[in-house]
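Below are the structure tokens for one structure; questions will follow.
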Amino acid sequence: MTIALIASRPTLADQATLSPIVDSADKVLRFDWPALHIGTGEYEEGPTGVTVFYFPHRALAAVDVRGGGPGTVNTDYLRLGYDTPELDAVVFSGGSWYGLESITAVGTALKDDGIRDGTWTNLALSVGAIIYDLGERRLNEIYPDKRLAQATFRAAQPGVFPLGAHGAGRFAKTGGLFGCNAYSGEGGAFRQVGEIKIAAFAVVNAFGVVARRDGRVAACYGDVKWAKDLRTVDLLAAYPASRKAGSALTSSANESRRNTTVSLVVTNEKLNPADLQRLATHVHSSMGRALQPFATEFDGDVLYAVSTGELDAANAASSFSTLDLDVTAAEVMWDAILASVPEQPAVTQTPALARATGKAADLRRYAGEYVFSPLVSVRITAAQNRLFAQATGARAAYAIGKDAPVELEPISATDFTVPGRYPLVVSFQQPGRLVMNPGHWEQIGTRKGTRRSD
Amino acid sequence: MTIALIASRPTLADQATLSPIVDSADKVLRFDWPALHIGTGEYEEGPTGVTVFYFPHRALAAVDVRGGGPGTVNTDYLRLGYDTPELDAVVFSGGSWYGLESITAVGTALKDDGIRDGTWTNLALSVGAIIYDLGERRLNEIYPDKRLAQATFRAAQPGVFPLGAHGAGRFAKTGGLFGCNAYSGEGGAFRQVGEIKIAAFAVVNAFGVVARRDGRVAACYGDVKWAKDLRTVDLLAAYPASRKAGSALTSSANESRRNTTVSLVVTNEKLNPADLQRLATHVHSSMGRALQPFATEFDGDVLYAVSTGELDAANAASSFSTLDLDVTAAEVMWDAILASVPEQPAVTQTPALARATGKAADLRRYAGEYVFSPLVSVRITAAQNRLFAQATGARAAYAIGKDAPVELEPISATDFTVPGRYPLVVSFQQPGRLVMNPGHWEQIGTRKGTRRSD
Amino acid sequence: MTIALIASRPTLADQATLSPIVDSADKVLRFDWPALHIGTGEYEEGPTGVTVFYFPHRALAAVDVRGGGPGTVNTDYLRLGYDTPELDAVVFSGGSWYGLESITAVGTALKDDGIRDGTWTNLALSVGAIIYDLGERRLNEIYPDKRLAQATFRAAQPGVFPLGAHGAGRFAKTGGLFGCNAYSGEGGAFRQVGEIKIAAFAVVNAFGVVARRDGRVAACYGDVKWAKDLRTVDLLAAYPASRKAGSALTSSANESRRNTTVSLVVTNEKLNPADLQRLATHVHSSMGRALQPFATEFDGDVLYAVSTGELDAANAASSFSTLDLDVTAAEVMWDAILASVPEQPAVTQTPALARATGKAADLRRYAGEYVFSPLVSVRITAAQNRLFAQATGARAAYAIGKDAPVELEPISATDFTVPGRYPLVVSFQQPGRLVMNPGHWEQIGTRKGTRRSD
Amino acid sequence: MTIALIASRPTLADQATLSPIVDSADKVLRFDWPALHIGTGEYEEGPTGVTVFYFPHRALAAVDVRGGGPGTVNTDYLRLGYDTPELDAVVFSGGSWYGLESITAVGTALKDDGIRDGTWTNLALSVGAIIYDLGERRLNEIYPDKRLAQATFRAAQPGVFPLGAHGAGRFAKTGGLFGCNAYSGEGGAFRQVGEIKIAAFAVVNAFGVVARRDGRVAACYGDVKWAKDLRTVDLLAAYPASRKAGSALTSSANESRRNTTVSLVVTNEKLNPADLQRLATHVHSSMGRALQPFATEFDGDVLYAVSTGELDAANAASSFSTLDLDVTAAEVMWDAILASVPEQPAVTQTPALARATGKAADLRRYAGEYVFSPLVSVRITAAQNRLFAQATGARAAYAIGKDAPVELEPISATDFTVPGRYPLVVSFQQPGRLVMNPGHWEQIGTRKGTRRSD
């Protein structure tokens, strides 16, 4: 018998250099429920992230899978219908199937930290689902990994849930089917009816749009010909003309097609497995109102329903039946979905500075090749007082394509734009760095030859 | 070995005396599609009925079950995912689980008529689902049976689908959760996009209400305090206060709780099993918009998706993808659901004739005990120029309860009413008969001692 | 609105002329369990039949579907995992998908007889599954229908279960994969451990063979080259050479390919839905020992597990765990499968009477065309002291094919045989009738021109 | 918005110190199939391990879950029935649910190594399942983690599969139900029929025993009263008496109860999703022969079926049908299961050295407290020329319990035993170390105060 050590091969992406951070966010949902801890962690370099729902006293769980491309962990166990509360955590993650590592990592963290062990009645049960936040929306392919997920789990706390583009929803988008390209995020809502608590959470990355209760679309970079007050019924009545060109072809032409909404509904009411499954089925069915269309071939929609079992309603002789719970939870979920929508960056104004005011010398200092990731690089060239950009890697960088240079129109001394349906700001404010869309969803490229410490 | 003939025991209900009829209806959907034959049969004595969708050239089918109390036949076979078209018929029926007999009866009719036989590649495949149209909404428990289903199958024809309270939707209702008590029925819609045909059919018997695309409730006998222009968002925002008292308790107090929407989407596009299942999942998920709430514990929602396979879109190089098919079919289904709503009988006017104008002698001729079914009888008594009614069987008869007599207020010489949220007309126009709610949903009682031929 | 009466079209097979009979059988399983009533009914003209398991006090049920071609009723409801006992009956039937009518018919019988009604907490729940006993094994396509199933239900009684070729197993066969062509039937076994009762029943119509616990094949008309003491391991080691020629081709050449084993395990122990489902899964998984191979593409295997809930083992502090129940029930099921095997008719002896002893005049009186069903007729001709037979309908009649006459070799004055792997006796003992395989599995043809009362 | 770095908390088990090794094993299965690479990695310190099946050209996969406690990744996606080959890897792992990390880690390794990326048509699809190899069988809770799984994946190669206690089967056991406590492992078998290749692999950790084709149990430390030539039929006939005391109680008394057999069947034949699912269902159903009992509440059995699609049998006009494939694959799987059984360590002989020959001074040098893991420590004491052992941590160490010291009987100068049903050797051959069961399944404890480099 021969024994050999396995050497690790070098890898394209070095996720090990990334720093997990807890994003405490400007806007949060606050609620009182000690049995539910929430952690939201991110790699800003993606940006991408993970959201951990941790139940320190264990809970009972059910799952409902409806999307055409789901990514899940340990759902088969939930389907066996045992009535023993065994669930420790539900984990949602960005990074598509690569983000599944986040889900299993919370399970191993529970063991490594001594919270659970190998006794078969004390095994850690971590389940979850992922969203697709890769493709052309980001200029890199960083994904939430074991290190990020475990750090996030360890920082989980009760009572606070960040709203908007945070955690697993850090780079979520909605409305791709219609070309809306709206930034999205994670939403949460909480309602208490007597002693019964209901919380709903959703990482909203739907191929369809988010619909308000009055029928209007919550966020969309619309076509110029579209009405200002965009309504879902109008978009659907005009379908397939309202569909973005190319976005529904079966070929692989359009990478942005893969989407997913993953969601969680939690109640403190003690439910048996059949009633908990009904809660899952009912709430998931109701989400077709808030997301239109919902559960398409290009979504991977998964909903978990969890009962912490703290309140035995059967004993409480409640007049709030399981049906009431289901119907109410569906409304709370709609609230949660609406709460996921962040403020959208404004479409860049008409270029503020006349081209003439620029000086060739000033523009030339921006020239160079900026690397965003092994997949995406952008070459900046200056000519005749004008600045141009062209993608030189494997992929385009938003409106900066690979075929020919596009002109960057100045909006300030350091910032430029490429006019179009979607906002695109290109900023040279940091020396040696090219920042696309500065702000919450920024993507940073480093000029070749620039040292990291510059 | 002993052999004995089995004698048939007498039964409570003699379904054998009923006459199957084809109801050609005033309002129909017409469309051109020879590969789909439709039959709609009824027992007027219920009334209740069955709707048969027959595919003479066989088809491929998938099923999606979402309700809390479904009744189905042969769905396990569909789930195996074979790509050979083997489906002969989808059958929807009233009569709750008793109506399952209608589904199997179409299968045996196919054999008895020599269309299919016992060769294992030529077996008849009939699938289907049922709705609950029993309980307090009808004063009898007649159900669609083998005889009715086979007669209906044999009368099936292409291109015509009756809309409203016909076939399996003959005594459907919606909105029971809110106490709406609206009459419902079966709806259908058809759309053609290029060569692609899409038809949707639904027997709408939802516990929730039917929602129009503008958010208004399509039909509901509302509470007097409710707004005239009832909207689903308002009903749900006010939930559970908007719920009918008692209608969501887990006890069996309220028999009207069991509902169901069964539906069918058909396309001529040749689909593989995965795409057909996606069509089923997507369209069923979308129905939470048109029916609110949808897929509750007290619904038994089942959707079948069928591909006749006449059009091979892959060969046609169509720009209408399977996603386009799914999204469009969901809209056609919403159209179908809206088309199911019949005109509701007007709430009875304030009594037209003063009580004083009645004559005691005239009213006394109505007195007697009227039998509606082994379950329901009503005793009519006249006293002091006033007419009273009391239920004497096992069950109440609408607003005529078992505990005490209620006064019947005159609206004509022969017709009376009991004022309330729901229309109730009691008519003595036919000698020896008491007709409740004369018209399409009438229930007929016969006075004891009256011969049938009177 | 026009209303028209639907006229019934004439049908090929007139099932209405058949007489339901109760077959009390020579060999029965007897056991003491009042909560389980069993009825076994047959149409001798097929022969084919139905077996009804009726639970007068209702029960909880689970289902496990494993075969490639199942036929089922109402399984979706069982999968919802409710813990309320609602099951009234499990019905097994011959007749392939046409026999599904038997299952729904027991549901309507429960209502027609006033045992259940339309109240939604008192609906009849009848589930079941079918076997394929059509194709070339029978010379007609009679199937168990509503009339037979309802008569059988009404004759159900506790404590007795007929063993062998009875009820749904009336014309079951096993071992088709290897060409065994063994007659099969329904088997049952009962075991009591302390207060815990376990019963198992199976209608064994497997494509594979029945295996004894010592590894030997229970019944098979083997190839002449095969060992007398046929063992499953040898058959499988020699596979695919041991397969009957043609029997595993994907073409439709061989009609006998469709098979199915449907089974039921019942316990009086009160189980929750998860434990009951585990019982179903475990026992069904174990059946691969007794039936080899099991759950093929050409089987439609379905198992129901039922808990009558009479014994609350949790309270009884039993040392007999749910695992013990599962493991023991799997053994009881093997017993049940073994009990299904009837005594096989002996292969006909070498013709007993010399051909020379026959007289031409005697043989000529047998000549004529005998009709077995609209599908099968046999023409008998006599020539030169020899008798010949040829199939003249749509199908062959066992070894009597359509292409050319085969000689019938005499074994008595009235009985003849066609030598071969399988027993075939042709008898003219009854005037005007041709009886194939006289005895329990006989098929009777009537000579054209012969009146029924002859 | 505040941003904070998350600090890692210290953990009980430091998996980071472990060294992944490739175990090339003495006994391997060799076969020619470049489309399937296999890696087998282990942490000897457990010992525990992982087995990776990598399909470099992608493949189509189906899954069948039958056990009562499965652990799975991404099975929901497989169930959607797409016919595009997307599978990259099937990963089996020890470590119970903690080993799920191994499955997701292979997915991220595929991306990190640049084999797959974030393009939605090029995502890595890694699925898998785990076995329970924790509890009382090992004196530590080391589990296969991301590092081990990625190293194993990177070392995968075609054509070789280690047999016995290797990879995911490194510390598998069988027969716990009967107290057999037999060492088990991973098995594989390969068969080629014409151009069709069939491979089967199983990590056999069943609660039941492995059955040979002649009915004998393949491995079991039997009760002294049992027959030497133990047969499954006898064990089951004697059930529940043959069950190990306590092993089937529902309480958590016996930690060894959780088991699982995870398996994989691979063919080069191109199959559609329905046929591939049938292969999975059929083969999994057949495994109840080789493992008795199978699919119990305490197993978590999962089978994956994979088609590499290299051979289009439809074009090849093969006479080997999908049924033939299924039946043959079931036999290959039985072969694989039999090949998993390693040679069992002999039960220790009667102590070879008389107690009297020992010298008190010699024995005292073994005294001390030996730490196996944070869970298990053993205190060795010497008294009157006799050596004693007692477990001092949270758990017992095999026959060395926590309640009282047991005497260690000498079998050599350095080795001792505790007589009993199971082999237990305790060795002091290495200074400062206590080795339990020296050899392939050894567990090593370090004396407190001993430096690692001693």
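A, B, C and D label the chains in the order they appear, each numbered from 1.
The rule is simple: a residue touches a chain if its C-beta (ideal position, glycine included) is under 8 Å from a C-beta of that chain, and two chains touch if they have at least 3 such contacts.
Computed from a prediction, not measured in an experiment: that's the story for all the values here.
Colleague: For the interfaces C-D and A-D, which has the higher count of C-beta pairs in contact?
Modeller: Most contacts of the two pairs: A-D.
Colleague: Based on the averaged CA atom positions, which chain is farthest from chain A?
Modeller: Greatest centre separation from chain A goes to chain C.
Colleague: If you average the CA atoms of chain A and of chain D, how many Å lie between those two points?
Modeller: About 37 Å separates the centre of chain A from that of chain D.
Colleague: Just give me the whole-number Å value for how far the CA centre of chain B lies from that of chain D.
Modeller: Roughly 56 Å, centre to centre.
Colleague: Just the number, please: Cα centre separation of chain C and chain D in whole Å.
Modeller: The mean C-alpha positions of chain C and chain D differ by 43 Å.
Colleague: Considering chain C alone, which of its residues make contact with at least two other chains?
Modeller: Expected reply: 68, 80, 278.
Colleague: Touching residues of chain C toward chain D in the complex: what are they?
Modeller: 66, 68, 177, 193, 213-215, 233, 236-237, 239-240, 243, 248-250, 275, 278, 281-282, 284-289, 292-298, 319-324, 326-328, 330-331
Colleague: Can you list the residues on chain D that touch chain A in the complex?
Modeller: Touch list, chain D to chain A: 1-6, 8-9, 11-13, 15, 19-26, 41, 65, 68-77, 80, 96-98, 100-101, 103-105, 107-108, 111-114, 117-121, 123-126, 132, 134-135, 141, 143, 145-146, 150-152, 154-155, 252, 255, 257-258, 300, 302, 375.
Colleague: In the complex formed with chain A, which residues of chain C make contact?
Modeller: By the definition above, chain C touches chain A via 80-83, 272-274, 277-278.
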